[in-house]
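Listed below are the structures to be examined.
In what comes next, subunit A is part of two complexes: it sits with subunit B in the first one and with subunit C in the second one.
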Partner chain A sequence: MGKRTAVRSSLARRNLEKFLSNRLAILGLAAVLLLLFASLGAPLLTRYDPSFVDASARFLPPSAEHLLGTDNVGRDVWARILYGGRISIFVGLSGALGAALIGIILGCVSGYFGGRADAVILYFSEIFMAFPQMILILILVGFAGRGLSNLILIFSITGWTSAHRIVRSRILSLREEAFVECCRANGIGGLSIMFNHLLPNTLGPVIVHCTLSTAGYVLAESGLSFLGLGVPPSIPTWGNIINAAKSLLIIQNHPVLWIAPGMAISLFVLSINFFGDGLRDVFDPAQ
Partner chain B sequence: MAEGPILSVRNLRTEFQVGRRSLRAVQDVSFELARGRMLGIVGESGCGKSVTAHSVMQLLPKAGRISGGSIHYVDGSGRERVLSAMERNGREIRSVRGREIAMIFQDPMSSLDPVYGIGHQIAENLLEHERLDRGEARARVVALLAELGIPIPEKRYDDYPHQFSGGMKQRAMIAMAMICNPRILIADEPTTALDVTIQAQILALMKQLQERHGTSVILITHNMGIVAETCDEVGVMYMGRIVELGSLEQIFNAPRHPYTAALLRSVPVLGLGGRKELESIRGTTPDASTVFEGCEFEPRCDRACPRCAKESAPERILDGSRRVRCWLYA
Partner chain C sequence: MIRYFLYRLLALLPKLLIISMIIFLGLQLVPGDPITRSISPEVYAKLSPAQLEEMRTKLGLNDPLALQYLRWLGGVLRGDFGYSLATGGRIADMIAQRLPATFELATFSLAIATVFGLLFGFVSAVRHNTILDRVNTVLGMLGVSVPEFFFGLCAILVFALYLKWFPTGGRMEFGREGFFDRIRYLVLPACCLGISLIATLMRYTRGSMLDVLGKDYIKAARSKGLSEWNVNLKHGLRNALIPIMVILVFRIPMLVGGTVVIETVFNFPGMGSMLMDAISGSDMPVVMIATLIISCAILAASFLVDLFTAVLDPRIRFGAR
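Our next item is the complex of A and B:
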């Protein structure tokens, strides 16, 4: 019995071993998980409220009391980075998942049905791709206004094109496979073939793309928040923390206030990229 | 129960749209499949045997369409259903596919979805057509896998296609086709991708299943040896037409059509004299888009007469039951 299980999972095991042998990817995964759990478990790691203003404790240097000191209105920077991570990672992840979801559904439709539906979807995706994504996001934020849900929605709407391309091209080649004809010969319907047979075969590269675009959206959120176009400043995010530290006085005299959140962003983006690259080596050895 | 044929194809004509031209892949093909019998359709690559099978199942690619003739199927309750009139991917034909008429494909390597276990895929077909819960479906699949000679079927049920060998995969494909107890099985070159020893096993297995379940089988192949071993009746196709159709004995012992005769002469026989060269049919198969005024085989035929090049040969019934399409007998 034990031996048979070993044979059964041989492919999964080989993939796992391949991933585990990639040091950088493991390091990336560890760092991502560390940041994720640190921000989820923020109340355990700090006793400060990230939004609590204490005018008597402005610009305190790092100490045992305040690990990274306090900012211009006396908020604890360590607490803000921990709680800010929640929002930043949440926005990045939901933006990537939303974009992937739209891309997958449209990709299935245009890949499997082809014809006019494909032409229309492709046409729209080309319109979206004709503009740099950042410009498009800026315009839409201008229309919709700032806010957490708006930001996620905008990321999803502007970012679906690459997932759509990946899924569409995979399905275009998969639908000519013999097993699809075999399903049809067994009387299985189009929708069932599309979602039960074609889609699972495309998921590998989509998952890889999703992790990598999460990094992109964390960066985009920070950038937008820094410019004052992202999440409202009352909510702590990594971008908002830097935004609060952008006066010349602070940049010169209190470097911890911007270096610390900057480090958090860089660490997260870098490690999720390493992790995604490791995943790609496993899922998509051809690339 | 009436002893009429279970499937009859009448004057089937299938065309493919290639750019602006339409290409005739199947022309005026008629045959009948008797209950519980095995009909072999032989011919070289591109002669239209697979297209005929796909026409029966309405599984033609988008560019292809049935442009003439009809396909009649008599179902279990004796009702005649016209398959060729059904909507291409409609509910009606889908209830026939897999349940009444099932198909086995040439390449077992790529005919299974790599992301699901073997058993799951076989059960999927069963659940599509019958009201069963997962447990019952699993039991039925395991029983059939056992019948097909797959060792420890209850464990192999959860295995993935990449863990099966070629012969095992073809057994799984047969299981997928047979799980709903279809009344007709169309096997489209089921052994071409397998090596010879496995071929023999698979054929023996199919024959055994056919006899046990009373399935009627259409076997499509280019291998004369396979036909000789398994079939009751044989249709020989060339360039989209059935040139000769008769019982196994008629075709193999006394071929009438020059093409059938030439095909049989070009099969290597064990004990062929050492210096004797194997005969081949001269010339090459014409391009499928070639339009013939006369008989398609005329340019390569040793017995062609001037008339063969001008007029298409009519079909004649010889020896009481066999049909031959050749001027020699007109």
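Our next item is the complex of A and C:
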């Protein structure tokens, strides 16, 4: 063990070791992967169709037949949670990626060019932040209507400000470095400097942010679907499953119906958060 | 000091103006006859098409958009928000009814969150790396990971349905509308709304306190022989508070956004549930006006927190442009 020499420890290797020494982060990653594979491999874990309505089997208690019982129209809750994970995770991840993409592009522009472009973008992001994101999302849902792709688009449009701030502040300090001047002296164009030379140096914090905001968007999707404004009810998602349990009668008499999907959301978000925190310690030690 | 306050206040104006423009443009996108938003439905039903056309000219709906915006802004400043599409009631009346409820909820929740968030974070930092600190850290992570509505449903199940300590929802009983009668209704929603803020504040307080406690002036204070309490509170917490206040400003919008979900869970008649009903019913005028009010309230709240930070930190006051 102790024989390792300094020569052999590259940055990537040191980072990996740092990450592996964080037990909570490893646990988080394992749980995320478990939930991901469970929902991708849903057909292997259940033989029920998540949308199959069986009016003769409403509100069945958990049993060997139905692991978590059935809901108000007789759909198998275990199957719905497994299949629901697919959509919930997909929406969260693509929302985070979309928002990061917009943020990165605007951040590069405002960080590298500075001046008026920067001032305008910055002012807009401040205006954006004066509205709560949740309410901005609600308004856009009101205008655009419900739907899977609408939701992802809306998440991306409303969420770009934090990625923008991260990239912008990194690029502002990086563009003063000698290697940028070197690039310019070699006649490399602005766009190339921006995306090939500056951007890769900002990606660490952005990846961390992206991971953590995936958790945020999974929460947001579940909240919206719970309100009945997210993904259409015909598609099972974790939020939509809980949406069925809004009445006091179901809250009291059939707690499994809403506690099980609630636990799934909480577990997934918790694991992503632990994982993201571990990543942050590696990629973004300044934080 | 006063110059700094005035400067901050003036900086709010252009933002408010842009927000109002966005809201106005959003209102223009609402499908349907715009005249139904400016006169009450009873009047609308009585008028003939010719009279309606005349009304339209009189109300200035055929004027250029910029002029209409100015007129609309004037109306809004005087409290004339137009009419709801769904109920036909004046939006100003609806807001007058709902705003105090949400104000109560958000303030109560903010107070709870600030007190407990600072307390837990402070304890975690002072008892750094003990079991207490670890437990706090994991609980804090749970607090930001569990959805608010799930906390809400659990709280209803345990505290309202089984233990019957608090009501399951609503804002007050008919006939018992005093402040202390209402508090019973506020406790559960305010706590559920505040949990994620408690967790966030706790994390930042812990980090910021640890940062400050490692500084040289803390060593100096200790070596002067000041008591541990004195060092931690007066020299530690006071300096740690400034970055925490910045986080608070960023988090207030999230708190207000959370009211939409929490008010729906607890059937609480506030702005959030009004917004929610309006969106489900495609009542866009109500949605836009509610958003306008909410974002103004958030700007005002951030302004207040800014002022508080300036009071705490002389560098901000005197370093101001």
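In this text, the second predicted complex is superposed on the first by the 278 of 287 C-alpha atoms of A that agree within 3 Å, B and C clash if a C-alpha of one lies under 4 Å from a C-alpha of the other, contacts with A are read in each partner's own complex, and residues count from 1 in each chain.
Here is the rule we use: a contact is a pair of C-beta atoms (placed from the backbone, for glycine too) under 8 Å apart; a residue touches a chain by one contact, two chains touch by 3 or more.
In this text the structure is predicted, and so the values were computed from the model without any measurement.
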Have a look at subunit B and subunit C on subunit A after the superposition and call it: clash or fit. fit
If we overlay the two complexes on their shared chain A, which of subunit B and subunit C does A:181 touch? Say first, second, both or neither. first
Quick one: classify A:201 as touching subunit B (first), subunit C (second), both or neither. first
Looking at the overlay, does A:55 come into contact with subunit B only (first), subunit C only (second), both, or neither? neither
Touch count on subunit A, higher of subunit B and subunit C: C
Taking the superposition as given, does A:190 touch the first partner, subunit B, the second, subunit C, both, or neither? first
Of the two partner chains, subunit B (first) and subunit C (second), which one does A:64 touch, if any: first, second, both, or neither? neither
Centred on subunit A, what angle do subunit B and subunit C make, from Cα centres, as a multiple of 10°? 100
Touching A:270 in the superposition: subunit B (first), subunit C (second), both, neither? second
In whole Å, subunit B and subunit C in the superposition are separated at their closest C-alpha atoms by 17
Quick check: in the complex, which residue numbers of subunit C touch subunit A? 15, 18-19, 22, 26, 29, 141-142, 144-150, 153-154, 156-157, 161, 168, 250, 253-254, 256-258, 260-261, 264, 275-276, 278-280, 282, 284, 287-288, 291, 294-295, 298-299
In their complex, what parts of subunit A are in touch with subunit C? 126-127, 129-135, 138-139, 141-143, 215, 219, 222-223, 226-229, 242, 245, 248, 251-252, 255, 258-259, 262, 265-266, 269-270, 273-274, 277
If you look only at subunit A, which of its residues touch subunit B in the complex? 4, 7-8, 10-11, 177-179, 181-190, 196-197, 200-201
Subunit A partner, complex, touching residues on subunit B are 57, 59, 89, 94-99, 102-103, 105-107, 110-116, 124-125, 128-129, 155, 158-160, 162-163, 173, 176-177
